[in-house]
Amino acid sequence: MTEPLTLAGDLPDAGSPSSEDSPTARKGGFEVRLANFTGPFDLLLGLIAKHKLDVTELALATVTDEFIKYIRRLQELGESWALDEASEFLVIAATLLDLKAARLLPAGEVEDEEDVALLEARDLLFARLLQYKAFKQLAAHLGETLESEANRFPRQVALEPHFAALLPELIWRHSPEQFAAVAAKALEPKDTTPPEVGVDHLHGAPVSIKEQAEILGYRLQHGRPLSFRALVADAESTLVVVVRFLALLEMFRDRVIAFEQPAPLSELTVRWTGRPEGWSSDALNDEYDDVPAVPAEASTAPSEDSE
Amino acid sequence: MSDYEDAVAGLAALGERPGGARAALEAVLMVIDQPASTEELAAGLGLGTAVVDELLAELQREYDGYTVKAPGTDADGSPADAGASTAPRGFELRNVAGGWRIYSRAEFADVVGKFVLDGQTARLTQAALETMAVIAYRQPVSRARVSAIRGVNVDSVVRTLVQRGLVEEAGTDPESGSILYRSTSYFLERMGIASLEELPPLSPHLPGLEGIEEFFDAERM
Amino acid sequence: MSDYEDAVAGLAALGERPGGARAALEAVLMVIDQPASTEELAAGLGLGTAVVDELLAELQREYDGYTVKAPGTDADGSPADAGASTAPRGFELRNVAGGWRIYSRAEFADVVGKFVLDGQTARLTQAALETMAVIAYRQPVSRARVSAIRGVNVDSVVRTLVQRGLVEEAGTDPESGSILYRSTSYFLERMGIASLEELPPLSPHLPGLEGIEEFFDAERM
């Protein structure tokens, strides 16, 4: 729980002294190395600096792919992210994607509410990025000042004995018990539990991806290929449909199923491709267990308090 | 007897000692272990604050080798020109965190560092510096607000800054009830500045975004 | 390379800095808390002991206003003759118990004494009391560690406790090299107990204290 994000790409750190001498964009593979991006804005500024672009709308659209590639790379590395950190990155990635998409479309009139919303999102992102950039520059200044100030040592010597002797006799009225109470209070761990995202207000029945994956795995392993429609036919709620879809994505990543879809929006068929044994839902990535909307307890204590 | 008369009498009394009021002030500066304000020094010496301010400025200039550029002292350290007051002293007098204090001169950091190992603090991480910057410029400010600006959760970083004495709690926000934070005087001390006004202004870093604060205030929280 | 050559090279290196070797020596003397011997100073500065001895004697004379009797400074504190190096400074360089240290000048003992007493109370502040408690129950302990536990910088508070005779140095931490502190027998006396074992155990007040150490060690930056 020290730093929000400790892994970062091989990118210049915009605003820091090192950004001056960092080489231009490196061709070829995107390497992930240990550098220190302190958040999505930091990453974004880093990418923009790498391309020697000014912080503009154009720059944002240009670095979108790299930003997303970077997030994906982090996920592949199995970096465990706290939900709020990951979501910040994702929100910005989504906005960037919108921006890029808007640039690809022919320039037109702002017509519907979606366009307006996109413009607002773009302006907000742009403003936040500029604001962050300003504070980053000031942080660099603070860092330099603190460092140069560390070269000065204050005179803070013990009082000369003949002055110390002048001090009035100390008044000490604490009994050992009172003193122990002071110690206990001083040594008490400070409140350090990070505030958690409350999920009590969510009343949806908990649905576990693992659980649903097990159901799907059972059906597919022991039968013919099934359409997605058939696989969710018995789902009692939209939530279950969504979770089954997520479970299929997970299983696809595990390379135990394949999808077939002859044409866009046509029937999606799911086929088992894994070996009959050797797969279990336990193999699924654990990351979903931490997502509050799908509580981990769901698999062990299903829908106890959900009625 | 008026304060003014008191101060004049004080000055006259000190004037009889070797070195006078200036040396008396120096003597006091030798024993303080935290920055002392002009007022505290004046009260202790029985002098007026205007006189003390003048004496402090005088000492400061003198320690820096006057306004004259210091000629490189002879490498052989011969005592011939040792008394020349144009060479800067090895220490300086600075007004830091609202008080005056003697510091060793930065040029001798490597040499002095060999004698003063303790009390040196580790460098702040980039995340800590950025968080510190937001708090310093936006104080009093909640963690949520700092998070919004930095784009990441800052809870653990703020905790570290509090633990290191650079940041402290400053009550709660009347609306949201969240804890507010501000910078400490220890932060000023570490920055070597007398007050927050000495921080470089934020505006040049934020071109044409005057309205942004209100914007974010409305947007977030 | 001989010691002599070393010393000459050291002198040349310091000579390039403002104020030269003399200022470097001054910088060190200004901030050391414990008196330092000529040998220690020479080693730290990379100079020969003969040179350091000469520089020390020179500084000492200079602080005392040379051999010239100081003329009384003007009672109005005018800066006109402030730079005159014939007036003694408010501090002096003394060789005490085999070590050199800068002290406030004896002539101003009454002024300094008044200033010191002004800011003092006979009672320990809450901050000092809490720091004392942490040291008493966690000794031997470094200041950095106490800072981490209390969440604030405790340097000056610890110095006050040392000054008050309640706390003393207890060697250095083998790993970090930082000074460790422990409570004194005077502390036991004031508490009215014969030994540290008589301090009430903390457990009734603080269940599950065991994890705290690891927590703080992991948390520091």
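Letters A, B and C mark the chains in the order given here, with residues in each chain numbered from 1 onward.
One rule holds for everything that comes next: a residue touches a chain if its C-beta (ideal position, glycine included) is under 8 Å from a C-beta of that chain, and two chains touch if they have at least 3 such contacts.
Here the structure is a predicted model, which is why all the values come from computation and not from measurement.
In this assembly, A is the chain whose CA centroid lies farthest from the centroid of chain C.
When each chain is reduced to the mean of its CA atoms, the one lying nearest the mean of all protein CA atoms is B.
Here the spacing of chain A and chain B, counted between their Cα centres, is 38 Å.
For the pair chain B and chain C, the distance between mean C-alpha positions equals 20 Å. Chain centres here are Cα means. That of chain A falls 47 Å from that of chain C. In chain B, the residues that reach two or more other chains under the touch definition are 29-31, 33-34, 91, 102-105, 107, 112, 116, 124-125, 159-160. Among all residues of chain A, those that touch two or more other chains are 2, 153-157, 159-160, 163, 190, 192. By the touch criterion given at the top, residues 1-5, 13, 16, 36, 38-42, 82, 84-85, 88, 92, 124, 127-128, 130-143, 145-157, 159-160, 163, 190, 192, 194-195 of chain A touch chain B in their complex. Listed in rising order, the residues of chain B touching chain C in the complex are 11-12, 14-31, 33-34, 40-41, 43-45, 51, 54-55, 58, 62, 65-66, 70, 72-77, 79, 82-85, 87-91, 102-105, 107-108, 111-112, 114-119, 122, 124-125, 128, 159-160, 162-165, 186.
Within the complex formed with chain C, the chain A residues making contact are 2, 153-160, 162-164, 166-172, 174-177, 179-190, 192.
Remark: chain C residues 30-33, 101, 103-104, 109, 112-113, 116-117, 120-124, 129-131, 133-134, 136-138, 149-151, 155-156, 159, 162-164, 166, 190-193, 198-202, 205-206, 209, 211-212, 215, 219, 221 touch chain A in the complex.
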